[in-house]
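Shared between the two complexes below is chain A, which has chain B as its partner in the first and chain C in the second.
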Partner chain A sequence: MLHVELVLQGLINGSMYAVIAVGLTLVYGLLRILHVAHAGLFTLGAYITVLITNATGSLPLAVLAATLVVGVAGMLVYRLLYEPLLDRPPYVALIASIGLFICMEESYRIVFGPYGNSFDTMQLTQRITIGPIGMAAADAAMLVGAVVLLTGLGLLMKRTRFGIAWRATVTDPAMARSFGIDTIKVRYVNFFIASALAAAAGALVAVLNNLVEPTMGSVPSYKSLAIIVLGGLGNVGGTLAAALLLGVIEAYGTIYAGAFLDRDAIAFVFLIAVLMVRPQGLFAAR
Partner chain B sequence: MRRILPLLALAVLWLMPGTAPAQDVVKIGFHAPLTGFAAADGKSARQGAELAVAQANAAGGIAGKKIELVVYDDEGKPENTIPLANKLIGQDKVAVVVSGGYSGPTRAAAPVLQRAGIPYLSAYAIHPDITRAGDFIFRTGMMGEVQGRAGAKLVADLLKKKKVVIVAVNNDFGQALTAGFKEVAPKFGIEILKEHTFAMPDRQFGPLVAQVKASDPEVIYAPGYFFNAGPLVAQLRAAGVEATIIGQEGYDSQRFIEIAGKASEGVIVTTSLDRDSTSPATRAFIDEYEKAFKDRVDMVAASGNAAATVAIAALKKAGTDPKAIRDAIRAGSFDTAIGTLSFNNLGEVKKAVQVQVVKDANFHRFAIIDDLQFLAPPEK
Partner chain C sequence: MLRVDGLTCGYGRFVAVRDLSFAAQQGEALAILGANGAGKSSTLMAIAGHVAVGGGTITFDGEDITALSPMGRCARGIALAPEGRRLFRDLTVRENLIVGGYVRDARRTDEAMARVLDLFPRLKERLDNQAGSLSGGEQQMAAIGRAMMAAPRLLLIDEVSLGLMPKNVDICYEALDALRRGGLTIVLVEQSLERVLAMADRVVVLESGRLAWTGTAAQARGNPEVLGAYMGGVRA
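Entry: the complex of A and B
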């Protein structure tokens, strides 16, 4: 029984990592930028969700607003920060991204205060039981939300014109352009989708924890980097699998290795172990 | 020449000693994590200390001189506090320093201030090594070990329960509280079923909750901060765990109750601040703080206020000679927001532990553990 719950809790955490990390891997796949400020957009999504829910009383409206606003914010980050740096070496964009992330965290603290914000009335507090397995409605929302979002993303990539354009641009931007694909538009849409996913993850975490803080992005910022490396940089499917696997490993690690290994260290021990055996990542083709 | 003039002006400015004449103010140094991961506690500590200074100034200051609180941000990082301690000593020439920071930064600054012979008061940092830096270092907050012992007494004597699971944050705060709890647990016949840790940034406790549920304890002793405790308590109750949850001063913030919502009802904490106290010093602090900052008091604000209050009282009694201030703190008894404080030979505070319970979304008095012999902090 304990093991069923541990795996389930691991999958819940893993699906949160997945939604964040997939956005990161989309950006990396397209532009070869390690987009650390992604975690700042995740935090922004969480703040918007809590503030709009408290103002209007409607969680769905708040989540919608969060994804739209943060999606646009992501496009602005691309336009104002990354685009001018595209012809520089990749570490320039990485340093800029880290700078933006720190700037965002401190701005949240100045604007919203250091104590963090909560929903006026806690959201999704019911308990769902299926046979002997029980979980909080917020946990279920995280699982279902991740499945819906990631399936939607999968369909978008496989079945739509945008998906074809995106994949073509990732494979060979020059060739894609010569076939009439607007690769600049692809980049904007890419940032919109990636950032909207981060916002959705932020909203789900806000509901789960009933707490949104300026620094809530700091752990996801580096852990999702570990995940996309594990998944084979730029590989969406691999990122998903790595996120879920890490979630489950962490769940077990918390219980059986917690006395000597910090939960946040587990991701990196796992990362080092995998890179020693498979330097291209768990799921990348050679 | 024209080019040289601005440079010359700069050099002169740079070489000029200090800015304002220092005779008309008495300076108290202060550091706290105003930015970074602990910024919430930093803000509370700072507001608490500022209130103490404002009140003392309104009452005439120190022998007619205004008190100035010189505030620095330590970001919660030990490496930041050594330069800023030196700055407080050499540049600001403060008479006494109050730490509104965590153990790491406070521990780093203590030897620097000890060497300079400047009295240093730690408001709520709990690491035992802080006061061991020397005779100029004092602590107005409870040591973790002391509070851990009080936790065990609460479980066994007041609640009459035995089976405990410990879920602790894996830093000095959690370790010290756990050590104190475990030190006296056998004496009380407390059985510790399992012991788990989590990291300070953790907010999702699903796996721990599943394990605690499987252990089925009577009591969960869970050292952590309000930003851990809020989600932890909510997730424990959401999973149907009904065991009594014992928190510590890290829980002592209205934010804990807001985050955990209904799940916070019945959670018992060991802390320094008694919301139902009738002591004039405590009442005045709670009323004035809530009026001044339009926010609810918390343990950190009360502790920052108490440490600053002790510093001001010592300055009033002893003037600005650091040795005289040290002796005044050592010999004195101080009426503060967290009760009447006096110090032992090591500079550790001697005071009662407040036990508060969450009832109707507020902290209220549950009990007071005032067996000062049982709670005695180490003397060396």
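Entry: the complex of A and C
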């Protein structure tokens, strides 16, 4: 029973990592930019969810608004920050992204205060029991939300003409253009979807912890970077698998190595160990 | 149909083609010949919009398309099957074909795909395979098929036979011949002189990025000037 609970807890954490990291890997796959500021958008999604839920009393409305607003914010980040830097070496965009992330964290501190905000009324506090397994509704929402979002993304990429055009653009933008694909539009849509995923993850974490704070993006930021390296940079399926694997390893590590290693340290010990054996990541595409 | 006037193009400071002029008529197969580095592929890529034009004009159906994006050229009926095929390797053959027809109405995709599969029946059994897993011959068929998905009026094709088994070269040339007979205009770059002269109506020979000779394929056969340029400036 312990193992079932640990795997389940790992999958819940892993699904949160997956939603954030898949967005990050979408950006990397298309533009070869390590989009550190993605975690700032995750935090923005969390804040918008709490503020709108407190103002309207409707969590679904708040989540919808957060994904739309943060999706548009992501497109603005692309237009104003990355697009002018596309012809520069990749580290220039990386430095700009780190700068934007710090700027976003400090802006949240100034605007929303340093101590964090929470829902006026705790959300999804019920307990769900399926057979011998019980979990908080917020945990279930995280799991189901991740499955729905990532399945939707998978269907979009595999089953629609736009998704196929998107994957073609990732493989060879110049050839994609010669077949009439508007690669600029693909980039904007890419940023919208990646950022909306970050916002959805932020909303789910806000519900799970009943707390949003300016620095809540820091841990997901470096952990999702670790995950996309583990998954094989730019590989969406690999990122998903790496995120779930990391979640489960963390859950086990917390029980069996928690006495001498912090949960986040466990993740990085695992990352270092994997990269020593497979520097290209666990699921490198090629 | 296609008119190139005084074309000068290249990559950064390197000028690959200088002051080149030629024209291709509707339903004609025009071959561009020359030694390695003569500027054949650069000419093709400039017509497709992938190489910056430094001077001259490219006109298609009376419209100046010199400054038009590759996307715009595709929408006007120009398709490219480039050197090295450049298939989307991680996509299946079916998905590559869908991308090829992206510029057209989605409802016509099935109809266009059926025509491509009639042209290259071998692709039928490979439709759900990743393009990167195909043999060289199958990749060339998929590349030509992908270009044909947009129902172009001008097909630009680079190095049809390069690295292919003779049987696959036959299949590709038979398909191109059928397309030409159906009214498609083809501009092709090819290393195999014998092959290309058997198919082309007219020939343009380049030497160091400049026009060295132009005439009909019949005039080119056995012509020492053409052979010399093809061999890299060594006169036969």
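Criterion: the second predicted complex is superposed on the first by the 284 of 286 C-alpha atoms of A that agree within 3 Å, B and C clash if a C-alpha of one lies under 4 Å from a C-alpha of the other, contacts with A are read in each partner's own complex, and residues count from 1 in each chain.
Criterion: a contact is a pair of C-beta atoms (placed from the backbone, for glycine too) under 8 Å apart; a residue touches a chain by one contact, two chains touch by 3 or more.
What you are looking at is a predicted structure, and each value in this text was computed from that prediction instead of being measured.
Looking at the shared chain after the overlay, A:280 reaches neither chain B nor chain C. Once the two complexes are laid over each other on the shared chain, residue contacts for A:118 go to chain B alone; chain C is not touched. Touch criterion met: A:182 reaches chain C, while chain B stays clear of it. Contacts of A:167 after superposition on the shared chain: chain C is touched, whereas chain B is not.
Touch counts on chain A: comparing chain C and chain B, the chain ahead is B. Residue contacts after overlaying the shared chain place A:54 against neither chain B nor chain C. Shared contact residues of chain A, touching chain B in one structure and chain C in the other, are absent.
Considering their complex, residues 35-37, 39-40, 42-43, 170, 195-199, 201-204, 206-211, 213-214, 227, 230-231, 234-235, 238-240, 253, 255, 258-262 of chain B touch chain A.
Touching chain B in their complex are the following residues of chain A: 1-2, 5-6, 8-10, 12-13, 16, 106, 109, 113-116, 118, 122, 125, 127, 134, 136, 138-139, 205, 208-211, 213-216, 218-219, 250-252, 254-255, 258-259, 262-264. Against chain A, in their complex, chain C makes its touches with residues 48-50, 69-71, 73-75, 80, 82, 86, 88-91, 95-96, 98-100, 102-103, 106, 109, 146, 150. On chain A, the positions that touch chain C within their shared complex are 161, 164-165, 167-168, 171-172, 174-182, 285.
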